[in-house]
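Below, subunit A partners subunit B and then partners subunit C, in two separate complexes.
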Partner chain A sequence: MLHETSGIKLTIFYDAFDRARFFNGFLTSVRLMAVCLVASVVIGVVGAWIQGSRLRVLRLITQGYIQFFRNTPPLVQLYFFYFALGSYLKLTTGNGIAVPIVSNFTWAAICLSFYAGAFNVEIFRAGIEAVPRETLEAAESLGYSRLKAYAYVILPLAFRISLPALNNNLVNLIKTTTIAYAIAVPEMLYVANQIWSDESNVPEMMNVLLITYVSLVGILVWVMGRWERGLRIPGYSPA
Partner chain B sequence: MPWTPDQPLVRLADVHKTFGGGVEVLKGITMDVMKGEVICIIGPSGSGKSTLLRCVNALVPIDRGSILVEGQEVNDPKLDKLALRRKVGMVFQQYNLFPHKTALENVMMAPVHVLKRDKKEVERQALALIAKVRLTGKEESYPGELSGGQQQRIAIARSLAMNPDVMLFDEVTAALDPETVKGVLVTIRELAEDGMTCMIVTHEMGFAREVANRVYFTDGGVLVEHGPPKEFFASPRDPRTRQFLDQIL
Partner chain C sequence: MHTLLLTAAAAAIGLALSFAPAAAQTLEKIKQRGVLVVGSKADYKPFGFRDPSGAIVGFEPDIARLVAEKLGVKLELEPVVSSNRMQFLQQGKIDLMIATMNDKPDRRQIVGIIEPLYYASGVNVLANKKANLKSWEQLKDQKVCGIQGAWYNKPVAEKYGADIVAFKGQTEAEVALLQGNCVGWVYDDTAFAERLADPKWAGFEMTLPTILEEPWGLAVPLPERDGPWGKFMAQQLEDWHRSGKLIELEKKWNIPASAYLKKMHEEYSKKKGS
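Entry: the complex of A and B
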């Protein structure tokens, strides 16, 4: 065994209990990432559309949302959601125990989606503004309504322009999911902590964590890169 | 009173437009365009020609006056812009094709998305239109793979796919390489010969003389004079028209 010969304690590879909890942590992380990736992109698209709205109130609300989530640390947001809002959203069961309505995983998902979403709104807005006004006019003069022009013309173009910046933000989001640790979401960092507390193998688990995150981000970057190439338009380069 | 084809298809009456910043670009324009008529609007840069066209399909709202398209008032806050734009096709100086769609898709998009027509039937019409602008074989090309002149012809086909009653051409050859201008002008002339009502803003005097039923000269936001091309070019009455023509001919 590696441990006997070298002293390296990678218990997750031979201890069934550690393996199971690390694997569950890994799955929780991946689930959190997947939910936040999708939700933050949806928030970005919708928010960017609202920012172009004629209704001042809507624009102000979006602007306020962006400022709030962009200008505060994600960890503080998470604490705010979980401890401040979460403490009001509790049900008291028959035997007097308070049960939270929203689980810590859900809070983490909500918080991180809105956090990354705030950046995505700005990223997509920049993309939309980079689409020439004349392209929108052409759509309008063909009878497209604002919504239809947005869906069929502006967004597909803006999306392509936004992809590199979106890439960066999503990579950031993947990494930021580790702060869910702070509200005891049993994701990878959290279970790694449990394992190294039990097995006192901090350096080994640190390496495992780093390698796992490098791989996960690597996969995301690879997928986004393929997507970017797949969306490339022959003969077109945005001005 | 419902519109009938014997009335002007496009009727402008005392149209005023001032842009933010106080620049008055249109100072009371009045003109009638009959069905099947081809008019060319010429004049120096900044004389309001393009703005005039853009007002007709409500891309630019006007301040005062009236624009009627088939009897429908354009200067009306309750205007159904979509209904108006179905009747009015527009072609731009910079073509403004949708760069992420092929030539064929560019032509098909609006009828499918806006008019909700059957895709198969639209495709048949689109192929015919692409053949009409002499670009058969380029259906699957993206705009970025076409020359300026080819893009402009696709843009014309794209407008025609909506079966408009009047076509607006806004300096459609101004951004083109000289050798591709001719193809575009031939396409427009064929359209005119087919009886399409056309309002053309152009700097191509030879083309205006050849294709127009009536030439309008604008300067400083007013219509200085107009007339049939022969008379207009041979014996312009207003000194400003004479000066303009002397400079460019």
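Entry: the complex of A and C
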């Protein structure tokens, strides 16, 4: 065995219990990442549209949301949602114990989506503002409503401009999912922490974590790069 | 490979022991020189640590003091660490070792661990009364709060199928349990006793038997375990358990009441009655 010959203790490859929990941790991480990626982009698109709304109230609400989520640390938000807000949302179950309605995984997904979403709104706004005013006027003169012009003309153009910045933010989001371990979401960092305290193989698990995250972020960057190239309009965006 | 090394080590120890000098009469030696030398921890608060003046104080030094008083000799505390405590005893540098040592079969081969043991901490669950916990098996697939890095999270999860939700510190686990995020909290039983007395925890109970209990043993040199010195210490331990002296010391050092000491006290005070 590797452990006996070299002292490297990668229990996740030969201990069934450790393997199962690490695999589950991996799946939880990937699920959390997927949910947050999609939700934060949707929030960004919708938020940027509302920011251009004629209604002042809507604009103020969006602005307030961005300020709240962008200006507070995600770990503090997580604790706030899980420990403070979570204690008010309870449901009494069959055996009489009042349990929180929202699970820790859901809180982490909500919190991280809104956190990254706040940045995405600003990223999309930058993209929208970079679309020439004349393009919007041309669309309006063709009879597009505000929503249709946003969906069919402005957003597709703005998206191309926003992609590099969006890419950055999403990479950050993937890495930020690790803080979910603070509220005991069994994602990869949490599981690795459990494994290394049981097996005292900190360096080995640290390396496993690093390699896994580099690969996951690598996949995202690759996909986003493909997308960016696929969306390229010759002559519109720089090579 | 490991087995081979272990066998070799065991053989070496066995050989060394067979050549060890005939049981030195430590008890006589102590009385003659008027000093009892006890190996104690100096870095394990509150069991053995240094006070601002540099003196070693704590739960275990107090036990050592009891022995010295009983013998009517002066006490000298020798700071030891886990890696040298058994060697100090073997070499005769100390007469007695009280140094937070767990009682393990391989250690019994090297030093004379005295029964009854003097302390223990184990694992238990502080559970919501409504969960109606009666056995560890009921924890299967239930969410149980825990502390990240506790060594027993794995055995509890593996053996009873509990879904351990581990938090960074005691405070987070406490809040999560009070909020109903888990049916119970698996942790050192010594940490729960104090909480159960608090009205904040009125809806909670500790009904399961303590498991994975790790008793702590004090030790004399191995050849003297069954000699006068060992017998004297065993008698002391029995007396302390019967009189509740150890529980008294536990209180003095603000150590949460351990289930083990309570159980031993009940056991030995009954023996006296019969």
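A few points about this structure:
In this text, the second predicted complex is superposed on the first by the 234 of 239 C-alpha atoms of A that agree within 3 Å, B and C clash if a C-alpha of one lies under 4 Å from a C-alpha of the other, contacts with A are read in each partner's own complex, and residues count from 1 in each chain.
The rule is short, and it goes like this: a contact is a pair of C-beta atoms (placed from the backbone, for glycine too) under 8 Å apart; a residue touches a chain by one contact, two chains touch by 3 or more.
These numbers come from a predicted model, not from an experiment.
Contacts of A:100 after superposition: subunit C is touched, whereas subunit B is not reached. In the superposed model, A:184 lies in contact with subunit C only, and not with subunit B.
Legend: residue contacts after superposition of the two complexes on their common chain; A:129 is shown touching neither subunit B nor subunit C. Contact with subunit C, but none with subunit B, is seen for A:17 once the two complexes are overlaid on the shared chain.
Contacts of A:138 after superposition on the shared chain: subunit B is touched, whereas subunit C is not.
In the superposition on chain A, contact of A:83 is made with subunit C only, not with subunit B.
With both structures placed on the common chain, the touch criterion links A:228 to neither subunit B nor subunit C. By the touch criterion stated above, A:194 is placed in contact with subunit C alone, subunit B being left untouched. Here subunit A touches subunit C in the complex through residues 4, 17, 83, 86-87, 90, 95-100, 104, 182-184, 186, 190, 193-194, 197-198, going by the rule given at the top.
Interface of subunit B with subunit A (complex): residues 57, 59, 81-82, 85-86, 88-90, 92, 94, 96-100, 109-110, 113-115, 141-146, 155, 158-159, 162. By the touch criterion given at the top, residues 132, 134-135, 137-145, 148, 152-153, 156-157, 160, 233-237 of subunit A touch subunit B in their complex. The part of subunit C that touches subunit A in the complex is made up of residues 1-2, 128, 130-132, 145, 148-151, 153-154, 157-158, 164-168, 172, 175-176, 179-181, 183.
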